[in-house]
Every structure is written in structure tokens, then in C-alpha cells.
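Next up, some structures in C-alpha cells.
Look for chain A in each of the two complexes below; its partner is chain B in the first and chain C in the second.
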Partner chain A sequence: MADLPQAGGLLRGAGARSVPLARWLTAALVAAGALTVIFPFVWIALTSLKTPPEIQRVPLQLAPDHWGNLENYREVFRRAPFSRFLLNSALLATVSAMSSLVVSALAGYGFAKFRFPGHSVFFFAIIGILMVPFQSVVVPLYLWVSRLGLLDTYLGILAPDLVSVFGVFLMRQAIEAVPDDYIAAARIDGCGEWGIFWRVILPAVTPALATLAIIKFMWTWNEFFWPLVVVNSPSMKTVTMGLIGFTNMYFIEYNLVTAAAVLSVLPILLIFVILQKWVVQAAVMTGLKG
Partner chain B sequence: MDRQRRAGFLFVLPAVAYFACVYFIPLVESLIGSFYRTLPGGASRFMGFGLYERVFTDPVFWNSVKTTIKLLALSVPSTVVLALAVALGLDRLTLRWRSLWAAMYFVPFAVSLVAAALIWQWLYEPVYGVLNHALALVGLPPQKWLQSLNQVLPSLAAVNVWVRLGFDTMIFLAALQAIPGEYYEAAAMDGASARQQLWHVTLPLLNPQVVMVCILELIFNFKIFDQVYATTQGGPAGASQTIIPLLYDTAFKYFRLGEASVMAVFVFGVLLVVTLLQWRIFRRPVDY
Partner chain C sequence: MAGLLAVTAPDRAPAQAKKIVYWTHWEQNPEFNKWYETKGKEFAKKSGYEVEVVTIPYQGYEAKYLAALVGKSGAPDFFNGIVHQWCGQYDFCDKMPADLEKTWSENLPKYMLPVGQFKGATYGIPIEHGNFQQMYIDVELFKKAGLNPDKPPKTLDEWLAAMKKLSVYDAKGEPTQVGFALRHKGHPVGITDKFLPFAHAFGARMLSPGLDRATGFANGPEMVAALHFYGDLVTKDKVASLAFGNPEETFGQKRAGVIFRESWYFGWLKKNAPDVAFKVYALPCAKACPGAGNLFPWSNLVYKNSPHKQVVWDFLRFISNAKDDLEQHQLQGILPVWTVNLETPYVKGRPDYASTREMLAQPVPPNYYHPKSNELATAFGEAVVGVLYGKGQPKPSLDEAAARMDRILKD
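Now for the complex of A and B:
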């Protein structure tokens, strides 16, 4: 799993010995597939710049008449408090990323470098959560959040999202790789356990922390099921819920849906494109949301 | 306990306490809740296995199970086979091109399932959608896609394939690149053709990843909710009513929390079996 797409030799496997024509054919197929995968994004971006008459024109036209037509975007913000949705999602995603970092790093350190009664029981219990689909616990969680008066609050939306199993697992893996000598040296210098955590462990695992922050931010931003359960008022809605608001059983205004979709997807895509290497690494490493 | 052991315990305590509150206790409560019926006014009555009987004799429930399985059967094999093909193709490219195209395959994984579903709903749009326009160009009649009883599941499956393809490709690609080159050199020396190398070297070595990806896809597709809720809401005529949307409706639309808990226990049981199967398969370490 350590070898990522970025690594490896120039040419691998049977391809290195295949004839140039076959290699070109492979490249062409791979490229065509990639462009097919990307096309839906291009298509919604183009649609979001079109007026309803342009959308309904036959035969179909790809490009909008005016590239600078942002009327659909203005309408999205007029119809719904979409800036509030964006702000809500950004806030929730940031807080959940931060809380995940703190709790996962602490637990990762505890599991990686200490032995105490219950050590493996606790660890396997946490890993075992990966077997529990969130939907299996949603009814009791809803009753708890409701009893505590947290329906329709930020804390209520965040309740099941503050830490993820993935985070604990990732941090344990990363911290295990920190040499024990560093910790022993710090202890000899009179550093307390807390001081070691802050001054030795955290600086040593910064890349893993960054990965976790990005992944957790993305997950919370994209979350839909739980917010749908606990949120009622428009001012507490997240971007994914706001996006749903633009669909209607009878008539969907696709010029607005596509603009809203672009607004919901763009921040995540930017993060993804800039920090892609870390995201891919984490996804390949764990393979599972939890 | 000495100082260090206590410190270790304190470091893991917040996480353990959190997961106990969010997963362990609610899971037990779900189990208990599946035996009680909530009465108007908040009281509850012990039902024994009454609610299980009610859910497990309900044709709507079994229809949702059947629909879920149909969707699985459509999505999982196509995702895995396509991802394998793409990974094999990417593996043969030079480094620079490989990174570029691989990143493009991976992009849908970053967006929310709701956005993915709405993007595809627009492609599927029967009158103005780009897919029917493309069909018209080659002289084929327009299709109803998500609005058709027969096409709604394949259409949703296509969305799932699109969302998951890049992720599975990454896993396969990472595994492909970990295969030592000497294996191919040895095979070539024995006179194996490219196809023989694929069948007798690459695919057997990739077997663990194929099993893992199949199980991950099984779990992902079994839990499908966002895509259905965002597009068809289970329609037309229940043709896309999978199990989690049914659980959601039962709990939060009709407030039949007991029945929803029975479904929750059912979903947990099914995924538990699948995951244990995965652990069994993966306990064996893989040697190259």
C-alpha cells in the first residue's frame, strides 16, 4: 500500500514489452475514460451559466451564449440563504476536523506508545465500530440529541461527527512510526507526558495530521443523512441540504440546481485538487469511512 | 497503575468515552428498542418479537431488500471490473500521464453523493438531458432513465459506478505498482505473452485487493441513501426503494421507531456478516 500512483518506475508490467501501437491504444482508452468521468462536471458548469431558454434549445448547445452570465448564481442566493448554508458547512467541517485532530492524536499516542490494562480491548472495540453502519444507531442518537435539546443546533449536527475511527487508526499508525528513542530522550530531559505529546509527537506526525484534517473536512462538508435528521430551520441547513432544496417533485429548475451544485462542489474540488496527493494516500490507506 | 500507564489510559479516554456514547450505547439501545413499540405520549410497550414479525412479514420491507440486492448486483461487478481495467491501463502509462489521468478518475470521489446524484439527474433529464441528446445523434429513441421502472436501478447503479470508480482504481493501482518487476521478467523469460502474464501473474497477485474492493463496494452500495433521496425518493412506484431510505422513512417520516430499530438491527447483522467474512479472508498475510 505504500507505493502510490506517484511512485514506481516509468513503465511497468507487460506494457513495457508490448508494441507501441498497443501502448498508444491503451493510453487513448484511459484518456477517453478519464474525460468521460470529468464530463458531467463540465456539463453542470456550462449549464449553470445558461438561461432557461438556452437550456431548452434544440438541438442541444454546449456553450452558453454569454460566458459571464452569473444570473443563476445570483438567483440561488436570492431564493435561499445559500451563503448561510456555505458558512454553516464551513464552520461544521472546520470544527469536526479540529476536534478529530485533537482526540485522534491523543488516542493514537495512547494506543501506539503505552501499554495499560484494557489497551487492546479498547483498540479493537474502536476498530470494531467500522462494522457498525451509522444508520443502525441513528434512532437512539436522534432520541438522545432530542432529549438534550440539541435538535437544530450546531452541537446536535456535530454530535456523531466529532471524531472518526479512521482518525484514531490513522494517528496510531503514524505515531507508531515515531522512534521510541525520541520519547525516551525527552523523558530523560524531564519532559512530562503531556509535554512529550505536544513537543515531540505532534511535530513528528504533521503530514498525518494534515491528511486527517483534509479528509475529515471533506466528509463533514459532504455529510447528508444526519443533518437531514436533526436540522429543521433553514438557518441551520448545510450545503448538501440547501442543494436538495432546489429540486422539486414536479418541476426542477436545472439552471439553479446546477449553479447550486457548482457552489457546493467547488470548495471541495479546490481543496482536493490542491492537496490531492494526501487525500489519495489516505483513501488508499484506509479504504473506509468510519 | 504507575504514572506512565495512567497517562496512556488518559490519552485514549476521550476517544473511548466518545465512541461509547455515539456507537456502543446507541447500538445496544437500538437492539433494546427493536423490542418496544413507542406509544403516543412517549410511553413504550414491550412487544417481544412482535415488531420483528411485523417487519419480516411486510412485503414492502422485502421489496426494499430485493431492490437493494438488485442494485448491488448491478453496481458492484461493473465498478470492480471497470476499475481493474482502468488501473491496468494507467499502470502502463508513463508517470506524468498516469498521475494526470488517475487524478481525473478520482475527482467524483471528492464530491458529496447528493451533488453527484443531482449532476446525474441533469444528465438523465428526459427532454433536455445530454444523454438523450446523445442518443438522438445516433438515431436512438429517448429513454426515461430515472423515471422508468426498468431503468431506474441501472441508472442509479451508473451513478454509483461513477462515484466509486476512481477510488477502487487507486487501490488496484497501488497494488499493481507493488508487484515486483522480476515476476514479469521471469514470466517473459519463460515465453509468456502479455495476456498470459495478466492471467497468471497479475490477476492472482491482485486477488486480495479484488476481494477487499468487492466487500467495500458491497457495504457502500448496501447503505445507499443520499442518491435515492436526492433523485427518485424510492420511485417510480417503489422501484428504487432500497433499505436505508425505507429505514429513514419509517423512523423520521412515520415515527415508527420500533420498526426502524428492527431494520437497523437487520442492517447491522448483514454488514457484520460481510465484514467478518472480510476479516477472515484478510487474516492471511499476502506474500509476493
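Now for the complex of A and C:
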């Protein structure tokens, strides 16, 4: 019996040691994960400060010879109207995100809180669109946009991006979680359908809206294939088209493509920093991963 | 938002300007492309039509071409493409007028004659010379290995012996420097393209002369021997390594003594690896010489549904002369197309002058200008990759590839 307190003390001692150890391990794992994610970005940023021979040098070195070498950035703007590409992408991604928010929130509300004939069929038909590869509809879509005279215009580029099927699904899931009692209470208080949507539903799903905004902004920002098909004028090109311009059929101009990549990542980072609080909330709330 | 859209509206040409539109995916040649617009201004004085050049990123250019040419809307009046693809696999091209056909057939090097043709008809004007591989050697590494950089290997046996001298190994026997910078990654079509000079040197060909059969050719005894030789470079002789990255960079980093590449490569070397002293020579021969051949015959094609196709032919006629050919290619630092220009001071001053001459003097190797050349070269390239990575033996891998290629040809 005399040993018991000692044993307990030992256990407690082990426990006391194991807690910080577990914390250290967790912290180390998180740090390793973060480094793995961040390292490519750091590498890209550092490469953008190197000359082509520095990039080719063996053994590879992380740091550039001259930290203040911004020649690649200057060359990016000399070679192409890159600021125009950034402006185009920002405009297109903003309009696409806003439009998707409006349509998805309304459709999501309809599918989540109203029952009408064919409700499930319509919903699954819309979700089914996610399964159709975009490449398979490019030619018909091109013909449609062309006949409307929208080739090489902002509206032409935006056409397939004004509505988001994923957004409809996301908002339906988020709005379904809003208790029906809130809606009933609002109705009893004399609120109309628009009032309920505006004053009850939207405030309750702000994190999901923020998530959709950032995801849609990012998708449109990163889109390459459709703009490539409908854009001809240099002044209508987007950031992704500008980026790919430094990769030709023979070689990649790493110094320029990395400088352009840094420029193209900055706006996305900014948006994420502004909206990250809601994005995390929404990820927790909707069970989204990845 | 409407205001912003208006402010950022694209720059449009004045409505009265008449233009013929040219599409190209040659982003690596901006001066070459721009020349069409410059020349178009001169052309406009007599025709009223200028030329607008649209440069399309290489990644995905085929999808854009296809959408526009199928849609007959927003399509170019003429474009840079491969004849057997755009005129053969698809029927998008206008046939070349007889007078222009005569001009070009009289002024092209013999290996380029089929470049603009499909099934006997001429559609395209070849725009790229020097699109065949030549041997680049690193002068310093040659000297270090006790080799004379002024006396390059002429046969594949001599070449292999030189590659062995150029290879340096670590304590585990793995190469830290290789003789040959070998392409082993990327699209199988590219792998095929890089292997074909070896195949042709062994006297092999990928398809029958009528381009209607692969069995007996893609898996013929010469091809099997060539692939044995090629695979052994990595697995047995260890004069090439899969541990190294892309061959251009490996050579530029002085980790390989030799690379086979086209004429554009010395421009890349000068920019990215200026301290590499190199020389360019003709490829080594074995049973045959590899000769000047290519898988990607780029040419200017006229869209048959273009409302301006006659104007386009007039423009192409306007620039079809030796002086313009030299001017346009020299602007970009690439080889001109006309035979007569191959003896100009500009070409004579290039590091690939002698090797180009030598390779052009060799017999023309087989070409594979088939509408399904990409699919065929993919099937073939996968067999080559399999052997390089030790996943298969040459004979069974090529048998399988030949059967697949025959199915592609049959379909």
C-alpha cells in the first residue's frame, strides 16, 4: 500500500510529462505540415529574384545572389500588359463571385426550405451538372457565345461562371441547418418571404456565403481553359493566360513565370486573409474539407 | 459595374480597318510573329487589308483552334498548324493555288517538301527549318574526358564509347555526370520524337511507307535493336540517367556531355547557361544516318471557310520570296526556310551552319505525317518509356505498341 501513492505519483508525473510532449509533437507535426505547404511558395518567391543562369546553377541554392533583383518583375510587365491581366481577372472573379452568391443563395433557399413538385429531381439534375466535364461542352458553348456576339468580351468570358452549381449545393446545405422555427417566428411577426431571406436566412449563413465568395473568386481567378477559347485580344487576357505565356512549346522561362506567379497569388492571399475567419467557420459548419 | 466594364473594354481596331487574322501558338518567336503585321502594313497599300496576329498559348491551343474552326465563327483567316492534323484529320484547309505551290516546291530543301502536303495535295507553307535534332557537345567536358571536341563521334559505336568516357560515377556506381542527356519524362510523343533519330540510324521506321501499318515496322528487328541500344544507355551502359531532370537543363548544368536537340536550343543555352562552351554537329550514324526529319511539321494554313481566303493567298504570295524569308527568320534568330538562304552570311555565321549542311546532305528519313500521328506516337512512346524504366523488354513492349498502333490506324 505504501507504494501506491508513489505509483500514483509516478503516473501523474508521467502524465504531466506526456502532456507537454504530446503538445510538442502536435506542434512539430503542424509546423512540418505548414512548412511543407509554405515551402513551394517561398521557393517560387525566391526563384523570381534569380537570373536564368542562377536558376540553372548546380548545386541548387535557395537564396538569390541579389535580394533586390526585381528585373524579372520588370520584364513581366515589359513583355505583356500584366497589370491589365490582373485587372481583368479581378473584375471577372469579383463579378462571378457576386453573381454566384446571389443565384446560389436564392436557389439554395428554395431547395432547402420549400417543397414543390419535382423538388428532388431538379436538385439532383443540377448537382448532376457537376459530373459533366467542361471540355465536352466547350464547342456548343463557344457557338452559343459566338452567335450572341460575345467572343472576346467580358460577358463572353463570364458566361459559364455567372452561376455556380457547387454554390447551389453549398448554400442548400447551409440553409437547411437554419431551424424552421426561426422562419416560422419571422412569419408570425409579419415578415414576407424576401424579409425572411434577407433578415433571417442570410445572416445565419454568413460563413457559407464567405466561403462561396472566396472559392468562386479563386476558381474564376485560376480559370484558364474557357478564357483561352474565347479571348483573342491581348487586352482581354486574364492572369492565367499571362502566366502560361511564359511557357512555350520548347521551354519554360522560370524566372518570369515565378515572378508572374507571385503577382497572381497576392490578390488571392489578400482575399483569404480578409475572409479567413468566416471560411474556417464555414468549413467547420458544413463539414467541408480540403 | 457597368462603368468599370466600359472602362476596361478591350482595345478595338477602327471599324473601317480591314484585316486578315493570323493565329499562331509560337509564343517563343514574338519577333517572327510581329513581322507578319509589319509586312501586312506594306500589303495593305495595294490590297487594303492589314494583318492581325493573335498569339495563343501553346498549352491548349488545339482546343481553341478546334472550337473556332468547327464553329466557323471568330476563326482565323490563316493559322500556324500541322497539315496532317488540320487538313487531314479535320478538313479545315484551303488548297494552295498552283502558282504558289510551284514557287515553294522549287525553293524548299528536299526534306521539307512533304511538310505542307497531305495525300498529294499541297496546303501549307512550311515556316520552320532546323526542326530536326542535331548533336550539341560540351567542349570543356569533352576535353576533360580526353576527347577532341573538334572531332565528334561519327558513328553510334564511336558515340557510345565517347559517352562512356564522359560519364562520371560516385562510390555507389551511380552517374554524377552522364555522357548523354536523355529525355525520359513528359508526353510520350516527345519521348518518341527524341528516340526516332536512334531508330532511323538503325535503319528502322515506325510505320510502313504507306503509313497504313505498324506491325513489322514499329516492332521490326531494326527497331527492337534500336530500343535495346537506347534502353541500355540507361540500364547497362549507364551513360544516361533517369535521376537527372529534363535534358536541356542537365546539359546546361554541365552534367551531361551531349544532347540531341533542334536549332532553337543554342539560343536557350546562350541565355540560360552562358558559360557552357558548346559546338553543334550532325547526329552520328549507324546502319543509316538519321537525317533531317521531324514529327512536328509546322506550316501556315489557310482556313477554307474564311471569307478572305483569296486575300490571304495574295498576302502569302506577297511574302513568298527569299528576301522576306531571310528577313523574317533572321529577326528571330532562327533558320530560314528557302534553300538559297542556307548559304547567306547570316546562316554561315550560326553555330549550326556546318551541321545543318551535313544533315541536309543525308538521305531524308521516314516521315509520319498521318492524321493520327499524335495517337500513334503516344502508343509508341509509352513502349520506349517502359523500356527506359525497366518495366518491359524491347520486343514484347514494341509488339504491344505495334498492335495498338494498328488498331489506331484501323479505326
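Convention: the second predicted complex is superposed on the first by the 212 of 290 C-alpha atoms of A that agree within 3 Å, B and C clash if a C-alpha of one lies under 4 Å from a C-alpha of the other, contacts with A are read in each partner's own complex, and residues count from 1 in each chain.
As a convention for this text, a residue touches a chain if its C-beta (ideal position, glycine included) is under 8 Å from a C-beta of that chain, and two chains touch if they have at least 3 such contacts.
Just so you know, these numbers come straight off a predicted model, no measurement behind them.
K.L.:
Go through the superposed model and pick first if A:R23 touches only chain B, second if only chain C, both, or neither.
P.N.:
first
K.L.:
Where does A:N72 make contact in the superposed view: on chain B (first), on chain C (second), on both, or on neither?
P.N.:
In the superposition, A:N72 touches no partner, neither chain B nor chain C.
K.L.:
May I ask you to decide whether A:P40 touches chain B, chain C, both, or neither, giving the answer as first, second, both or neither?
P.N.:
first
K.L.:
Is A:T211 in contact with chain B, with chain C, with both, or with neither (first, second, both, neither)?
P.N.:
neither
K.L.:
Quick check on the superposed pair: does A:T220 touch chain B, chain C, both, or neither? Answer first, second, both or neither.
P.N.:
So A:T220 meets neither chain B nor chain C here.
K.L.:
Between chain B (first) and chain C (second), which does A:P53 come into contact with in this model arrangement: first, second, both, or neither?
P.N.:
second
K.L.:
Of the two partner chains, chain B (first) and chain C (second), which one does A:Q276 touch, if any: first, second, both, or neither?
P.N.:
In the superposed model, A:Q276 contacts chain B only, not chain C.
K.L.:
With both complexes superposed on chain A, which partner does A:V95 reach: first (chain B), second (chain C), both or neither?
P.N.:
So A:V95 only meets chain C here.
K.L.:
Please name the chain, chain B or chain C, that touches the greater number of residues in chain A.
P.N.:
Greater contact footprint in residues on chain A: B.
K.L.:
Which chain A residues come up in both lists, the one for chain B and the one for chain C?
P.N.:
Common to the two interfaces on chain A: residues 55-56, 135, 138-139, 142-143, 224-225, 228-229, 244, 247, 249.
K.L.:
Chain B touches which residues of chain A in the complex?
P.N.:
Contacts found on chain A: 1-18, 22-23, 26-27, 29-31, 33-35, 37-38, 40-41, 43-44, 47, 55-56, 59-60, 103-104, 106-107, 109-111, 113-119, 122, 125-126, 129-133, 135-144, 159-160, 162-163, 165, 168, 193, 197, 218, 221-225, 228-229, 239-240, 243-244, 247, 249, 252, 254, 257-258, 261, 264-265, 268-269, 271-273, 276, 279-280, 283-284, 287-288.
K.L.:
Enumerate the contact residues on chain B facing chain A in the complex.
P.N.:
Per the touch definition, chain B meets chain A at residues 1, 3-16, 18-19, 22-27, 29-30, 33, 86, 89-95, 97-99, 101-115, 118-123, 125, 127-128, 130, 133, 162, 165-167, 170-171, 173-179, 181, 184, 188, 194, 197-198, 202, 212, 216, 219, 223, 225-226, 229-230, 233, 244, 247-248, 251-252, 257, 260-261, 264-265, 267-268, 271-272, 275-276.
K.L.:
Can you tell me which positions in chain C touch chain A when the two form their complex?
P.N.:
1, 4-5, 8-11, 25-28, 54, 56-60, 63-64, 66-68, 70-71, 73-74, 248-249, 252-255, 264, 268, 271-275
K.L.:
Spell out the residues on chain A that touch chain C in their complex, using ranges where they run on.
P.N.:
Contacts found on chain A: 52-53, 55-58, 87-88, 91, 95, 135, 138-139, 142-143, 146-147, 151-154, 224-225, 228-230, 232-233, 235-236, 241, 244-245, 247-251.
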